[in-house]
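Each of the next two complexes has chain A plus one more chain, namely chain B in the first and chain C in the second.
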Partner chain A sequence: MAQKQAAKNNKSQLLLPQALWQKIGANYLLTNDSGHYAWLKEKDFALVTAGKMAEKDPLFAELAAKGFIRNRLDFNDLAAKWKKKNAYLYYGPGLHILVMTLRCGNKCLYCQSAAAGLGAKHTDMPLAVARKSVDLAFNSPNPGITIEFQGGEPLLNWEVLKNTVLYARKKARIAGKDLKLALVSNFSLMTVEKAEFLLKQEVSICTSLDGPKALHDKNRVSSSGSSYDDTIKWIKFFQARHDKQVPEYRVFKPSALLTVSRYSLSGHKEIIDEYVGMGLEDIFIRPLAPIGYAWRLWDKIGYDAKDFSIFYLKSLDYILKLNQRGVVIREKMASMMLDKIVNFRDPGYLDARCPCGAAIGQLAYNYNGDIYTCDEGRMVGWEGNDLFRIGNVFTDSYKKVMNSATTKVCVVSSNLEAQPVCARCAYKPYCGVCPVYNYETQGSLWGNMPANDRCGLFKGIFKALFMLLKNPEKAAILKKWVAK
Partner chain B sequence: MKTNKGAKEIFLDAGIYSGEAVKLAAFVFSDKADIRIVPGKNVFKISVRAENAERAAGEFLNEVLNQQCRIDLAKKNSKIAGIIVTKALLSAAGEK
Partner chain C sequence: MKKQENKTIAVRASLKDQNLDVVRYAAYAVSDAAYVFIKPAGKRAVALEFTPKSAAAAKDLLRRFKEELADEQKRAAIFASNRDLREFMILKALAYEEIPPSGQREDSGLTPEQERELDALIAQVESEIKKESFGKKVKDPLGITRTWEEKYGAKTGRKK
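Moving on to the complex of A and B:
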């Protein structure tokens, strides 16, 4: 009897601790909360789950080291990896988006921020609002603050933007915080004078580039000619300044954001070649979010997750081929997922955190001082639904904003431990859900994952990445993307 | 399921689905369909009235299942879920 009990105990000691798995093809992908993963053949998976894997089996040591054998858990190592991957849980919001104006000269097909016309000056952020927003941002306990100037086209409110940059720099010196400043602009109003100021203040520059001229201009309709021409001119300018560098200040490499509309789906090679041709080393292939204004135009410009997945996988394949030929180009979404998978590191991708970055990772400040959980939440507000508004810079303190019911419900509803399907998904250690997306597409903050397009899309990307990591040559390229 | 002039009747076993899950699903569907819930003995009689009642009823059933799974999961995972949420909110608010 005693012998039987000992045997039973021994078997249970070899069983899997808390682990997640997914059958992909003939093999099983095994993951755990620390972020470790392992591929198992069907027979090995059966042995592991039954607690029958022999200690002399060559796989045993690997599984033990990765936290998949119950009596061999190195809690210090596993906890350290979990903490590193989830470091954001300890800091509060680092990203603060200031919407300098809703005005914009472009009429992009999918404009999520539903830009106002050039005459709508009442949508410019007054200096008092900008300063109050910066004050509130600096109340975040996060030692690193990023202030991102957005619009509309933020350069339309240049004097306030300029003043806010100087004000934020001064605040950072007094507070002893690390401050990063970023501008998202279509460059239609960029001048050498403005560019010099931004460079000297170490403001990183990001623009939108949707691909070759014909596609870019079709997506991003400009009232004053070609939006592509402005974009290219200034990407080249900032690239040249980056390559030159100066001793007085750091010049960051400019970056560009790609928005994929229905018109983009047939041209992945041309789009990627355009980025490579511009000397851009990262391309962020992200789907169009059916949020706010874009939701209303979905029939015209939208697509389903399956179409985007095909586009994404073709793009990733092409990017890897370019890498094999020595071209430096990385896909940003893959890089951010890989940083978690390979390095156990939080890449700062707020959309794929658990809980999501709404309010606790980022705040969006509208031109009138209203504070939203995120930029997507602000877009929903612009469409007339202020569910994601969590305060105003003049009437609410930072603590009140963080303690608002909306902040809490976004955190609770995006916690994967409380999400059916997600809680048992093999990709849970690396993934995150978006309450705003869920609300807009499925009518509730929680969403319903089996029918959720974003979930389907993320699963497709994770599956592709894990399959690529099985291939030594491709794994070496992918790991290089996140080696720093 | 019985069809009746743009409406679909569904019967759900109250031993499997809780009233909370059915009501939460009805709330999620409040802008997509008219949902009437009549609790009976061990059963919920539900009427789904919508433009495409057949489809709406199917989607409603999926949502009831989703809500029930969420309620069941919350009972099982509430401790770890609570720790994560508490840590995230306290850190963000600047509390240790």
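Moving on to the complex of A and C:
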């Protein structure tokens, strides 16, 4: 009956089956749930939305192939692309963050990790908590489990960390799961002995590098002199070991995270050059989140979304210029977004998923066994609000944690279909909202996207990437970043 | 129709050619710039009161609202025409299982030699079954082992 009605009405047959759009300059960017996109001139957009585009129009075939013409849908192709892009919906949490201690020798201006002084040994995670956390992590149905050791400075609780690495490896063998181990450290307590253990156990290493020495040390204040010197020394060590692979185990390339403070805004070239100089091939340009210490010092080190957008776009432009000169350097945020846009693939970026990765993609285990939806949720807990606490490893089962009211509300509030602005946004197929960010900045898990800085920032990045993809030379570089 | 009283900008929107949701979503889209209050204005219209959050935000407010309203009208039309189709597509995507490309055999975990042995064994058993049943009159008074076509012939036409 419905088919007959549609057949009678030729116009409605040519209507868009489902589409999201954004006017950029004189053109329209058209996207759909499967992740396809197309650029349309204003007159073509008017024809398509009115259902009046002629079949002989050269654009018709392109739009039909991408699922924008209602009576030319390739259901299998669209379903396959949608499922590939949203594969994470079929697994449980893959990322498990263990906070080995809150103690840290550094006092970074923007610290979001609720760091405590070196004397606060009561904030070290006991071995029993660590093992229980690993047990709970392995209850996730996800076939791939990543355990990330964080802090504070996790090396301050070395014996427990070491034991937990071995315990997790054993659990993975028994469970038949793929286990990835990662350490986030400032390297202030790294030794050759510790490094050798981590390398042999195939623990990937990540640190923070905020740029040249003066900037890095200004942001990341160390009680033992220069935090930059430790960082550089060990990046070089792990780089050298990566370059000299051994047959017994894989040595991962070390990676670094950049946090942009107000002091960074005037030095994008110097920061990127520092990364290139260290032989790092990825730079993750992350904005400061107004959570933890950063929120308290926002007047001094914070900035608005517009400032960050300008910094980000200048950085991306410089990185592309370096690529044109043959330098291998990629911007991580762009890479992850491009993986979705170009490859219809989920890059595992939990902050930009629908629903977001809180609880269903990651869990954060505090030193005392409390489980949070994510590391950001744990930081809110440290500020005295346990809204994002969803259990404890000693008292709550995996099932109970997954079924907690907070888990559910995070899923519902970060479902973009239920977000009025997101559900209409051209970037929806590639984006995600953060209930913790919304709660901290706008006082509601849902937030208000038209006035949300994170939303403005993501929109700016997506717009820049789609514009760059229009340029064949730049598109070739960007596609190479995600060609693996 | 619009008027400006103090800082509030008042707009009237007809509900003859659009429903309330269209107006509501368009108004929400400009909620970064203004607080919006929507109230009934007769049977088939609503009155919107925009209170700009700043003088700068007030500048472009009406133009933005009108653009959002035009976009939302398009979205509503597309959504209304395709609701069932979209639900079908989402269900299909949720249930989609990737089929291995044709020609790609499922790995049985056997070596080629074991595969050959197994094939020979199956062929041998099939041949024995055939020999056993050959020449024997199998009891089948109800014709259960016979196909529909063998019993009644092929179909000749479609019943109406």
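Assorted remarks:
Note that in this section the second predicted complex is superposed on the first by the 476 of 484 C-alpha atoms of A that agree within 3 Å, B and C clash if a C-alpha of one lies under 4 Å from a C-alpha of the other, contacts with A are read in each partner's own complex, and residues count from 1 in each chain.
Everything below uses one rule, namely that a residue touches a chain if its C-beta (ideal position, glycine included) is under 8 Å from a C-beta of that chain, and two chains touch if they have at least 3 such contacts.
Note that the structure is a prediction, hence the values are computed from the model and not measured.
Shared-chain residue A:391: touches no atom of chain B or chain C. Shared-chain residue A:450: touches chain B and chain C both. When the two complexes are overlaid on their common chain A, residue A:411 makes contact with chain B while staying clear of chain C. Once the two structures are superposed, chain B and chain C can be ranked by residues of chain A touched, with B on top.
Of the two partner chains, chain B and chain C are each touched by A:420. Residue contacts after overlaying the shared chain place A:93 against chain B, while chain C stays out of touching range. In the superposition on chain A, A:154 makes contact with neither chain B nor chain C.
Judged by the touch definition given at the top, the superposed model places A:105 against neither chain B nor chain C.
In the superposition on chain A, A:354 makes contact with chain B only, while chain C stays out of contact range. In the three-chain superposition model, chain A touches both chain B and chain C at residues 420-421, 448, 450-451. If you check the complex, the residues on chain C that touch chain A are 25, 28-33, 71-72, 74-75, 77-78, 81-82, 84-86, 89-90, 92-94, 96, 98. Those residues of chain A that touch chain C in the complex are listed here as 2, 12, 15-19, 21, 33-34, 49, 70, 73, 75-76, 78-80, 82-83, 86, 420-421, 424, 448, 450-451.
Only residues 27-29, 31-32, 59, 62-63, 66, 69-70, 72-74, 77-78, 80-81, 84-85, 87-89, 91-94 of chain B touch chain A when the two sit together in their complex. Contact residues of chain A toward chain B in the complex are 89-93, 139-141, 354-355, 359-360, 398-399, 402-403, 407-408, 411-412, 415, 417-421, 423, 442-444, 446, 448-451.
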